[in-house]
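Presented sequentially are two complexes of chain A, the first with chain B as partner and the second with chain C.
Up next, the complex of A and B:
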């Protein structure tokens, strides 16, 4: 209000206007429907078309699902009960439940062992995923791989014990030498671990009892969703640190390390995973001495880990490149050495930037574990395509089985995705 | 404050640079730099952009590598030996134009990180030191915030406090006020003046000529990778000798 007109437009309020509720059309569900579904004519047409599409889909699937039969012994019985009406034959899931989860040769009386390992997985993963939990829980996380191995494979307890000893020995050597130089500690630690494992190779067979507490289960008996989970969890947790190392190696100022990392990443990324898996199942055997039998699951784990670590390395390289040069300089100028600067300053930020990419690779990797069905391993998909669909009782039950497989994978992958979104929100400190 | 600038500095050598040369590829950035800095000296380095002044002070803590000549900091010769470089870096504090605080750590963590990991100071002691210096730069109440929540001036003061927490014997400032809004420049300069009055050895690349007049006891003018002129501030500003310096001063003081 300009000063010149002040006297002519002067106004003094004598009565306050009471607060009133908005008119019905401006609030509540009616307003929402108007704004979102029927804002204008094209919108209204699209809304109606969408309703029709939803109706068509549901009218086809709902009766099929609701009419589903859960308690027969074969597809033929299902058809008999349905008498030509639409309805799913979910009984295959009930009848073959254990096979879908554990494969068809894993001894039924020890299903509790992988189940226990699965439950413990949550305990072990919790302190890693939710870092507000007490740090002491990480001790269990460190022990978990050996416990899980012992539970799932069984056999002599000395195998995981010596594997653990190798890791501990390697770590002690690393701590001892890392003061002098990071490379000495790193490679010294790895060498020490291998020496211990090599010695253990002679000792363990001598110590093994005739009847171990937990019966040994050979790798070829592993199957079902358990195999997918094993491959997924092991490969993701291995490929993350290896991917970080490769990404840092690719940035290294040492030409030899840089070349090794670049060649590895470019080679592995340029090869289809299926090819690597065939290499694992067939070709790799030629490179080992004839009497050395490297476990097929181990070979597959090595291949999938190589594959996904190359991808993760590239994702993390993107995160590293996104950091301003000033962060490196600030870390340097404070006198932090290379491992400290990376661990405390660079990687926490680079990894945070890379979370969506890493999760992308992890989800993709987890789903790709079904590819092992191609090299005749009986994972979830392998079980469905092989023993279950080939059986006379269930030949022809495609929809129910594959939808179940899809659902299992969806639950896990959606969980991973939700976790990563929570993590991103939790780590957001930049207040942009 | 004129007497501050005239204060007698010691004869102890803090930094000694001899015949130092640096190239970026084939581009000769620094040419035959000779510079001796005595303990307690406050040196302001100025010059047109691209004259190599930032590069010079970044060579002192080995953020940039020099190819010829020698740099000796606190008696330690700067070589490619990582041990020496880390030793020098922990003795020499540095503040950057863009602050370079660590955005994923709180202000307090920014300040305690290096003392804890490089000096192996116990966490509690490091936090006390950090609070001491944060109080000194007048932002102890921001200790639990993240850098992104602070203004530019506050961030730069945190950066100064972060360097001071390492108890450096020498402080380098690389255009500490160039990225700040005018009203924030003063708060940062005040902090630096206070530091100077306590006798800190300082090398400061800046265009703040008022600051140079007030606290420096030597002003160095650089152009095309060479030290063209150096003098006490009074003489430097009132009676510049080289025509290049005269032109530069007339340009920046002209308005």
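Up next, the complex of A and C:
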């Protein structure tokens, strides 16, 4: 059979025909456009409408942006140059950028200090955020709060040193006692830290030099985006552990702890943040003698941390509730005690489930830090609404300033959101 | 206006005031700085400039008091306060005096336990209209839409005025001055009403201020002045007479330029007593003899402060009006220095 076949055909192609190029409509950008933009008639109509909408937005904003003026001394000068043409007056950003970023009373010659603290923040946060990095970097993370405090506030170096000593002392006591009982270690550690701080309260003034290496800056002088960043970073990082503790406490079988946690969470969640801020700035002043008040920023940090930890506690409780009961029973059957079960089995899973919720609270919290402008602290929005819009030069510039503020907040919030999505993908171990 | 107050907190304020009040003058001297409450920013009255230096009409009152007490107009810690935090800040002792264009009213003076030491600006509620509306009097505003800040006494004044004149209006409630400015420019309302000084400052920021006019009617009394806590009369006297010294200096023609010459001694005994070359007025206040001279040199006399911050040569462009000396038909009248 094969033989006959071999001779029945006059010509047999021995090589493949070279591939012809695909038809013009089925390749490259044309194909993409046809498939994605003009696949059918409704799609085409929607595409055209979208183009029109984009055109309208851009034709209104682009001339305004591109025609922007960057180098005048006041809004009136901007208007003089523009002569009625549309154009932004970005000069306000050029003249007041330092006030927008650092507040108007932070000394200009030491802007490098908060800037350095900001750069170091990335170094300190990296090992926490990206757990592939070497674990030894965590030492720097642990030191970072004290370094940042020293850089931003300045003053005598002994304040952060003794604060660090207190934490180290507390930790050592905790390690010593935790073998016998968690409660003894925990409360013993806290007590030891407070004892060290109390003693430091007497020693530090003696050790302080007349002229510290880094000039002290009072809290009242902090402002601008720096204040938002400080409040946001400190409150998010404090409220996460407190929130976890509250969430676990709320599920505790010990009635006293459970009641304390439930009352705290429900009370703090039931009160608007702005009320807590007013309490911090106004009412607390009555509880202290006029010359011995607690630092205003500290009061605000306490209030915002309380507020967000109550929310994070509820988010994490959601994660705990989502775990099947079998996980708890499995931990018990392995003979793990409560801290081990939580640390090794329950929390890793519950926290993974809670990531979107936690990030949601963190982003919301970061934006809520602008609320401090109502208690006359000059954060970014407070700077814009107060001093800058009230100056005779810039009264009437709204879009430029608020767009700048929106841009800064967007960069940070988008960064947080992108990180959380990366984290979710990284931790995705289930089969979807 | 600006009556929104945390009444609950203020009850506590009354209790705490007496505790925090004693010996403010000694506290200030010991501290070496005057804690002065100002606004978080109001064009012409108090706002920090590009270098972070506070400037403005109310700010200069603080500087004058600091100069009188401490001899240094820079020895002021400006504590920015909002409409909601100002009274508690004063009552709790966080600030020594408040110079934050606050209207002197009965309840603030009596019930909130403060002492208004005088008036540094006589304001009143006015109306801003676009010229193309063709209105020349507030009484022609029948049926107009009015932008009005909610929760303020301006709202009540407005209702009273329209009812008394038997005409109707449609309120457009707004929250802040900046919002009012935008709403008015966007045409959401025919007229915008608030304190006349605020309207003038607002109009000055418009692209074309000449297209808008302030109506002649002023429908309320808003005497703005510095205030101190109840219970420390020595300190109250000191702030009161520092303000009076600024006003009297203008009346007697004492300015920051000729004060050095005049303080060498003149043949006007009133000026001599004011500047401390005669009598012992400073000693009575517990201050040095040249206290008033220092206060006047800080920013000039009342007229100079007015002209520099909000006068007709500035973008705010306010005329003296009621704030002229009594000799020029205004209301400024300092009791004698004797």
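Keep this in mind: the second predicted complex is superposed on the first by the 397 of 432 C-alpha atoms of A that agree within 3 Å, B and C clash if a C-alpha of one lies under 4 Å from a C-alpha of the other, contacts with A are read in each partner's own complex, and residues count from 1 in each chain.
Definition applied: a residue touches a chain if its C-beta (ideal position, glycine included) is under 8 Å from a C-beta of that chain, and two chains touch if they have at least 3 such contacts.
Not measured: the values here are computed from a predicted model.
Asker: Who does A:327 touch here: chain B (first), chain C (second), both, or neither?
Answerer: In the superposed model, A:327 contacts chain B only, not chain C.
Asker: Tell me the contact category for A:176 with respect to chain B and chain C: first, second, both or neither.
Answerer: Neither partner.
Asker: Thinking of the overlay built on chain A, is A:344 touched by chain B (first), by chain C (second), by both, or by neither?
Answerer: first
Asker: Please work out whether A:367 is in contact with chain B alone, chain C alone, both, or neither, and reply first, second, both or neither.
Answerer: Neither: A:367 stays clear of chain B and chain C.
Asker: Can A:258 be said to touch chain B (first), chain C (second), both, or neither?
Answerer: Touch status of A:258: no partner.
Asker: Just checking: does A:31 make contact with chain B only, chain C only, both, or neither of them? Give me first, second, both or neither.
Answerer: Neither partner.
Asker: Based on the A-chain superposition described above, do chain B and chain C contact any of the same residues on chain A, and if so which?
Answerer: Looking at chain A, the two contact sets are disjoint.
Asker: Can you list the chain A residues touching chain B in their complex?
Answerer: Per the stated touch rule, the residues are 324, 326-327, 329-337, 340, 344-345, 348-349, 352, 427, 429-432.
Asker: Sort out for me which residues of chain A touch chain C in the complex.
Answerer: Residue list for chain A touching chain C: 75-76, 79, 95-96, 99, 104-105, 220, 278, 281-283, 285-286, 290, 293, 373-376, 378, 382, 385-392, 395-396, 398.
Asker: Touching chain A in the complex: which residues of chain C?
Answerer: The touching residues are 6, 9, 12-13, 16, 20, 39-44, 46-50, 52, 77, 79-82, 84-85, 88-89, 92-94, 176, 178, 181-182, 201, 204-207, 314-316.
Asker: Taking the touch rule as given, give the residues of chain B at its contact with chain A in the complex, in rising order.
Answerer: Chain B residues touching chain A: 61-63, 82, 86-87, 89-90, 92-94, 96, 98, 100-104, 113-114, 117-118, 146, 148-149, 162-163, 166.
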